[in-house]
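Should a chain be cited, it is by its letter among A, B and C, assigned in written order, with residues numbered from 1 in that chain.
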Amino acid sequence: MHSMTNARPRLTVSGLHKQFLLHGQGGLEIDVMRDLSLTLHAGECLVLAGRSGIGKSTLLKMLHGDYCIDQGRIRLHFDDGTLDLETLPAYAWHGLRRDVIGYVSQFLRVVPRVAAVDVVMEPLLARGADEAESRQRAETLLARLNLPERMWQLPPGTFSGGEQQRVNIARGFIGEHPLLLLDEPTASLDATNRDVVIALIGEAKARGAAMLGIFHDEDVRDRVADRLLPLDDSLGARTAFTPNVQETLS
Amino acid sequence: MKKPALERPVLLDVQDITRLYGPAKGCEAIDFQLHAGEVLGIVGESGSGKSTLLRVLAGLEAPDAGRVVYRRHAGEDVLDRDEAELDLYAIGEARRRALLRLEWGLVHQNPRDGLRMGVSAGANIGERLMAQGQRHYGQLRATGQEWMRQVELDPGRIDDAPRTFSGGMQQRLQIARTLVTRPRLVFMDEPTGGLDVSVQARLLDMLRTLVRQLGLSVVLVTHDLAVARLLAHRLMVMRRGQVVETGLTDQILDDPQHEYTQLLVSSVLTP
Amino acid sequence: MDGYNFAYLDEQTKRMIRRALLKAVAIPGYQVPFGGREMPMPYGWGTGGVQLTASILGADDILKVIDQGADDTTNAVSIRHFFQRVAGVETTTATTAADVIQTRHRIPETPLRSGQILVFQVPIPEPLRFIEPSEQETRLMHALEEYGVMHVKLYEDIARYGHIATTYAYPVKVDGRYVMDPSPIPKFDNPKLDGNPALMLFGAGREKRLYAIPPYTRVESLDFEDHPFEIQSWEHTCALCGSDHSYLDEVITDDKGGRMFVCSDTDYCQTRRGEVA
């Protein structure tokens, strides 16, 4: 499938740790990840596997800036150098997300009153793209994902789970980011639309995008994964309770 | 592929600002930088000092200590060198007020504080333009109508006084009046506060679009985390006059580190 | 004259007012506060103008007093008598003969000459007062040239009436700097403020403010490019002198609705009639 010979790494992760400290619950510490490392190349799709609660989504969220990076290193590689995400200042993240890191979350975060087509084209407008052209591309994607045309101008707040997810997928793929994070994008889709997503992933690979994905559906996984990264308990999911005295908030 | 250009010039450099009315009343030792094109949200419970800080930043109230430095060159090529960096409370009041009137914008929580209630919507929108020297009635009027459309007000009501408008309409008018001169830096204190949910949604969508289209830099005070999520790139969490945590909006809301932020986030349903 | 100092005011007060006047002349259009005195007449009768006239009047000066253009109204007559009594000065109704002219709400039609002084009675000196009640704030607005609101007012006029409806006390900008209330003269008189050879002084008694337009100062009436400043015009001519270019008052002649238009400047009208005759 994938030739590793001339592929260059786009992302390297090394020695990643993640712990949640829940002050509100007597200082509960949840160790989710210890010493995780991986390399992701341009044009490949690496699929995360492992039981529920092992930390798959957590990893994607760390790569997307949603979760803090406690320890370890996340580096992006470019032709002219590297970028360390663990030291990236907060103000730089929105530029990075706009141009480099795309993310399809498991659920669409609905913006009230904004029409589906506008939700989809927003990542292009954010880059200053031409409005008509962006709309055209958004509509093409929505059509490919079989979202009925009459729904394009409606806000997706009242859409079904699968319809919302298709809007989400279109929004995630329209920007053609060089690094794409996919958190169960096909979970609530029927077979037809799953095939469309698989095709979209194939096209992304062809243009050299690197993808890190989570797919529960084995059939989809087999069809998109170039490699599999199994997460197991040695990498985390250890919960420790620290019975320290809780400072009261007033 | 090439490394993305992520550096953004600093527009506002806030250095160790303190303004206290009493112990833990006001704001204390606030330090941050606002970059060009950024929307910074200030969140926190009632009385935590958000509005106090905003007033100091906007040049309305001198701090007890600290500096607010405005870098006018940020993102622009040619400007008078002497004027490239303005220390907000070292320059005279004249210069400071001119800055607020001509280059910055301020959206008050209560539209009555930001509008002239007795004069027409068109005059309200036109005032900043007239202050800048625009002297063509027909153009002022056309611009007024264009902005009314922009903020989804009926341009046919351009001659109506704002007191005949609903609260949400007044707030949109205030935003039009503020943004008409395309200020580079805008301060907003709870711009969607006190509005019903559907009006709030319209306003949020409109603000998002305007931020993108005009390339605005914004400091936004809100206690509504859903509003913060939709509008702000970055958040600063305040409590008892101090900043307890700052970071990317998603990180603050999804993986809050400070005890207080965790409490704040968990006490709200799905921001 | 017994019991009074020359021109009623004591020398110290006059000196103080003159100092304020010097400052006003040095900063055209700028309102200078002065420690006004109570005058033996109520506010609204021109106490501001009277104090200024009293301070500048010399024993050899010839004084003219007009009220809305007329020399013979109660107000004009009583002020003229006042100065005849307390200063013993010669008075006149002829604009050309006067050294000092105290006026309420008009500028004479006859062009003024260099050396003459026109003293205006001012009820409300602050042109920004309509929008801003705070004195401290209006001072700051002047200092910072925050004059956007003046055009807001004119904008409102056009939006409401289709044209600038302000017809008197029409705001002006003096020497490209201060926005000034020219007192309630008709806007017809505004062009006479511009580049006038005479010195123009303005006194507000109640608010204790004075200001000035020195001779030959540039005075512009505020307006819009597409709604330029315009003066009033009449379809009629003066019923008495036939003038077609002076400011006319409408006069009711009988109780059957009869009316006519006559010059508001009585001296001007009479002079013309004399010439014609």
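FYI, a contact is a pair of C-beta atoms (placed from the backbone, for glycine too) under 8 Å apart; a residue touches a chain by one contact, two chains touch by 3 or more.
Small disclaimer: the values here were computed from a predicted structure and weren't measured.
Enquirer: Touching chain A and chain C alike: which chains?
Expert: Output, common partners of chain A and chain C: B.
Enquirer: Most remote chain relative to chain A, going by C-alpha centroids?
Expert: C
Enquirer: At what distance in angstrom does the C-alpha mean of chain C lie from that of chain A?
Expert: About 76 Å, centre to centre.
Enquirer: Just curious, how far off is chain B from chain A if you go by their C-alpha centres, in Å?
Expert: For chain A versus chain B, the centre distance works out to 31 Å.
Enquirer: In whole angstrom, what separates the CA-based centres of chain B and chain C?
Expert: Once rounded, the distance between the two centres reads 46 Å.
Enquirer: Applying the document's contact rule, which stretches of chain A touch chain B when the two form their complex?
Expert: Chain A reaches chain B through residues 20-24, 61, 64-68, 78-81, 83, 88, 90-96, 99-100, 109, 111-114, 125-126, 178, 247, 249.
Enquirer: Given the complex with chain A, which residues does chain B contribute to the contact?
Expert: 1-8, 33, 35, 38, 197-198, 200-202, 204-205, 208, 212, 229-230, 233-234, 246-248, 250-251, 254-255, 257-260, 262-263, 266
Enquirer: Considering the complex alone, what residue numbers of chain C touch chain B?
Expert: 131, 140, 143-144, 146-149, 151-152, 155-156, 158-160, 223-227
Enquirer: Could you pull out which chain B residues touch chain C in their complex?
Expert: Counting only chain B, the residues touching chain C are 93-94, 97-98, 101, 116, 119-120, 122-123, 126-128, 130-132, 135-138, 140-141, 158-159.
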